[in-house]
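The two complexes that follow have chain A in common; it is paired with chain B in the first and with chain C in the second.
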Partner chain A sequence: MRAKPSIYLFLVPGGLVFLIFFVVPTLYGLSLSFTNWDGLSPQFQFVGLANYANLLTNDSAFHTAIGNTLKFVLTVVVVQSFLSLVFAIFLLKNTRVNVFLRTLYFFPTILASVSVAFIWMFIYDPNIGILNSLLGDVGLSHWQASWLGNRHMAIYCIAVTEIWAHTGQLLVIYLAGLQQIPRELYEVAVLEGASRWQTFRKVTWPLLVPATTMVVAYTTIQSFRMFDLIFAMTDGGPGNSTEVLATYIYHQAFQYNHVGYASAVSMLFMVIIALITMAQFGLLRIRSPKSA
Partner chain B sequence: MSLPGDARQWMGHGVPADGPSVEDKGGNGVERVARTLAMGLATVGLVAAVAGCSSGVSGGGGQGNTGGNAAAGGTGSGQAVTITFLHWRGEDVPEFNKIIADFHKLHPDINVQMKVIPSDQYIAQAQADLTGPNGADVFTSFPGAEFSAMEKAGLYTDLTNQPFVKDYNPNLIQAGQDNGKQLAIPYQVVFNMPVYNANLFKQLNLQIPTDWNGFLQLCQTLKDKGYTPIVFAGKVSAGQFFNDMVMNNVPDPKVFTGLLDGSSKLTDPGFLKTFQRLSELAKNGYFQKGPLGTSQDAATALFAEGKAGMLALGSYQMAPVNTDNNSAFPMGLLAPITTDSASQAKYQGIDTTTFMLGVNANSPHKQQAEAFISYLSQPQVAAEYANATDQMVTVQGVKYTNPTLQAMEPMLSKPLRFHPMYTLTNQQVVDAVTNAVEDVISGMDALAAAEKGQKAIDQALQQP
Partner chain C sequence: MRFIRIPAIWLYALIIAVPLLVVVESSLKSLATLFENPLWPSHGLTVQAYQTLTSQVPLFRYFLNSLDVTAVSLLLIILFGSLISYAILRLPRIPSLIVYGVFAVGMMIPTQVNMIPMYLEMARLGLVNSRIGLILVETAFLLPICVFIVGGFMKTLSRELMEAATVDGANEWQMYWRIAMPLSLPAVASATIFAGVIVWNDLLFPLLLLKSNDKDTLPLALLSFSGQYQTNYPVIFAGVLLASVPMVVLYVFLQRWFIAGMTAGAVKG
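So, the complex of A and B:
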């Protein structure tokens, strides 16, 4: 049966939204990436691929930002996914304590990023912060540090903050995934004499691949786009040690008035995220039992 | 599918109240829904267009604090006009509210609405505001890179021939000039030098040092007595303290600004000496624990507790210290003299003229905006502002009654250097220097930090 042409009108609202809020800005950003527009002046010049060439060959701050972004993303994706899975397994049963703990772990998710940043800046403060005070109180004063002031540690400290803030959110996805696994499979595993580890490896984990795909993809994209926590906590410092791609774009566009250059970074950023996300989906689809 | 009666009415369709049938005179169900959708979209578009047209006068909300005595304004004859005043001094809002109220009594047809963006976000957000369709009419800007960027973008109205320019000390408003034109009026005078606890200095019988050894001895004495010699506030102090450290090591302003065209390098002797001396302070433990991880507020609180000798910020931080410690101790200003002898020191401190008032070139209310700046330029108004906010001003004939300002006044007669970092008109170069300072404070070798910083500058200068 052929659909009447008028049915395509249903696509118009979504299509318009996609066109206005994604396609047009992306194309506009792409066109700006070939210019030297400063974001303020009415005039600018076409510079061809010069922005891209400079980014790839003569901008160590950009390369540092890529390195920091990868450090941050890897830390957050691995630790956050692992913790949310562990918490979901332990909090699966609907007991009162578990429901309370789920709520507790979810709570940071509803806080504004800036609030989270200020809470953790207070925790990390080297002189009046809770963390150093606690370490001192338990006799670990040699572990006290300038958490956000140390070039080697600062990016990981922000990653811990991000993990704290969003593990509860991903826990919910894993809980939903775990609750969809038929109980019969576990009963069969018990009858077959499978150990707990074998049950997890052969039953739970394969059936959690769709949820894991969701969690990993979501966490990866969110971590790549990380801006607010870093902006509020360190603004990319000390040195460039916490400068990530998102803050680098901001600094180039709005502090240095290099909007054309920042657009070129944005384009590369978009391509990187797209490639990584596609690779992740491909990898996890191969491992999914449904694709077999 | 059935829609509530009100919704159907809003969509402008005479759909029967009991819901549409699958087939009726208007065509089949799919076509009807499609038409409804189309009408709905048109309505939404119209509503959006009307809303867009009616968002004329800036409401001032959104970012940061707002204040002022704004009333809904208009531009028609006989109607009040509302102008927006954009700045970063949230702590001055109560005083500006009073000044604006007094201004409104004199000019009942002009309302002033304040919009405040925190200083650390000001550069980025103010430029976006000013280039937008409802940008602020009166705005403030920092000297240096921000002034330069805004000037290039043509955002300033030429104020050269405004009568109020004569109310200012001509030596203190040069930062707002370009090609002989007065584009902005710096309103505040700030001393970017460490603030010291005068009570503590008196108690320990400490004198203001006049050379580098004297400064090191001062720091050591404070440390030996159990006090933190210098409280450092992360990135903010890195950008501020460097000015004091470099002023006598690179005394020629042209050599300093040579960083912008590559004629000077961070690895040159004067800059390198500055980094080495910063490194000496860090290695001797003269900063508090974790200087780069300490926020400006935390640093201010630490100093206000009275457990530190100096706070590596500037005169603008005296008021917050007084607030934190309930004016518990008097303060003074001192800059580290980095030369081997006092006679070699050309400068004894750093000053800045900032909070530069400008009129948006795109403003439809330039006359009203200029009237407001003219009012701020009156000595009695400037005095009221200065004494209430602990900020010295560039207006001539102002009498300071505030004890903090009275303590600062002698600085004006000393040989001071204009904030060197504000003479760098490329913010990337400024950040490269600041990052080098942070690297040194965090333990990197002075030469390695200078080389790294210079590499960043070279790359910034080559950027398309």
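So, the complex of A and C:
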């Protein structure tokens, strides 16, 4: 059966919106990255690769932002993947309690990140925050800190907030992966006298490779592009200790009017994300049991 | 393992639930009580924070703004996205792959990459500070994920069914509207929920594109009045609670759909 040429009309409305508001800006951004435009004045120069050269060689604020982004991404990816796997295993059976707990764990996913940010700003508040008052109540007052006001801790504190907000969502992906593993494999493992740990190492873990790749890929990209939480909680501070790539682009463009320069950061940002995505899917193909 | 499992799952339940309960509790305290005793429940609960908030902040208007932006964006995302999904199903092989590829690449490009040129373009088109502008941008950015969820599902529809319909003389529009769409409702529901939660909660685009207070969406309004009330947490939390009510109510009634939808988006994205 052949579709009539009129089928191309189905592409028009969505295609137009996508072209005008997505494709054109992306290409426009690429061309801006070769200029020194401030976004306002009618005149600007073509500077070739100067923005990129400057970024890579002598912009220490950019290097700090990359470092902070990596700290944030690594913390979130490792802890969140681990927790979501452990709790998916713990809550695997569809008992009433487990279903309730999954629903509870998932709950923060539907909250606006601005709301999540306020909840955790209150938790971390140095004067009336519940974290400090809890520590005081259990006799650990020497652990009390000004959490978000501390340049060594702030980025990790925001990572904890992100983990709190999204572990429940990733748990569901692992749950779907676990439920696809045939029961018989576990029965065989029991008959063979395998220990719990051996069963996990030899049966569960290898068959969870697709789910793990999905969880890690999604978490990596989500945390790489993190903007809302950081913007609302610290706006990059104290100092520039929580400045990540996304907030750096925003600040360069809209605070300092370095539009051309910020566009170059955006392009590098896109390249980094594309490389990570390709690496992860390459890894999935190598490690997936089907092709092995 | 049981000795770890039971304490672990309930401890984590507390870690999720306590901050949420503290928000509710704090919104019912006066600022003075909160300073004395931030954590534990206390006597003298008051709705003062809610009174302050509702008398000083036109929260209902922000709610309507959010509703307007979300509803129209969703309508466009689902309509345009499902049309494209259906076209991908029906187009000859090569054009079909090209269309699919364009949206797949689109999905990998993060919002932050386009925000500057998008803003400049919107300014030139006179669409800054207009709700239509915000709606069109949200639509463009969420279209790829919708094409992935709905298009991926449509691929599994039976070819025989489609062929039978063409033999019966159905045109493409009828096949889309009468056959492909009704059969794809689970995927459409997933895409609606995924995109709906994102648009409703979005901060970045409203922050960039809305410049006058009366057009603010709820998240943007929350951010701007938090500046005004600084550390007056009872008032801020009253705002957080009232702003979250619509989503929470939907979540309570449609848990399964929410969990399936948000996961479909994550897996495809």
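By our rule, the second predicted complex is superposed on the first by the 267 of 292 C-alpha atoms of A that agree within 3 Å, B and C clash if a C-alpha of one lies under 4 Å from a C-alpha of the other, contacts with A are read in each partner's own complex, and residues count from 1 in each chain.
Keep in mind that, in the parts below, contacts are C-beta pairs under 8 Å (C-beta built on N, C-alpha and C of every residue); 3 or more make two chains touch, one makes a residue touch a chain.
These numbers were taken from a predicted model, which means no experiment stands behind them.
In the superposed model, A:17 makes contact with chain C only, not with chain B. Comparing chain B with chain C, more residues of chain A are touched by C. Residue contacts after overlaying the shared chain place A:169 against chain C, while chain B stays out of touching range.
Look at A:250: by the touch rule set out above, it reaches both chain B and chain C.
Looking at the shared chain after the overlay, A:47 reaches chain B, while chain C stays out of its contact range.
Of the two partner chains placed around the shared chain by superposition, chain B and chain C are both touched by A:6. Looking at the shared chain after the overlay, A:32 reaches chain C, while chain B stays out of its contact range.
Once the two complexes are overlaid on the shared chain, A:283 sits clear of chain B and of chain C alike. In the superposed pair of complexes, A:124 makes contact with chain B only, with no contact to chain C.
Chain A residues 4, 6-7, 10, 13, 39, 125, 127-128, 250, 254 lie at the interface with chain B in one structure and with chain C in the other.
Those residues of chain A that touch chain B in the complex are listed here as 4, 6-7, 9-10, 12-13, 16, 36, 38-42, 47, 50-51, 54, 58-61, 121, 124-128, 144-151, 154, 235, 237-240, 250-251, 254-258, 260-261. Chain B meets chain A in the complex at residues 30-31, 34, 37-38, 41, 120, 123-125, 127-128, 131, 149-150, 152-155, 234-235, 288-295, 298, 301-302, 426-428, 431, 435, 438-439, 441-442, 455-456, 459, 462-464.
Within the complex, the chain C residues that touch chain A are 1, 5, 8-9, 12-13, 15-20, 22-23, 26, 34-35, 38-39, 76, 79-81, 83-84, 86-87, 90-92, 99, 102-103, 106, 108-118, 120-121, 136-137, 139-141, 143-144, 147, 162-163, 166, 171-172, 176, 197, 200-201, 203-204, 207-208, 218-219, 222-223, 226, 231, 233, 236-237, 240, 243-244, 247-248, 251, 255, 258-259, 262-263, 266-267, 269.
The part of chain A that touches chain C in the complex is made up of residues 1-4, 6-8, 10-11, 13-15, 17-18, 20-26, 28-29, 32, 39, 83, 86-87, 90-91, 101-115, 118-120, 122-123, 125, 127-130, 133-134, 137, 164, 168-170, 172-173, 176, 196, 214, 218, 221, 224-225, 227-228, 231-232, 245-246, 249-250, 253-254, 259, 262-263, 266-267, 269-270, 273-274, 277.
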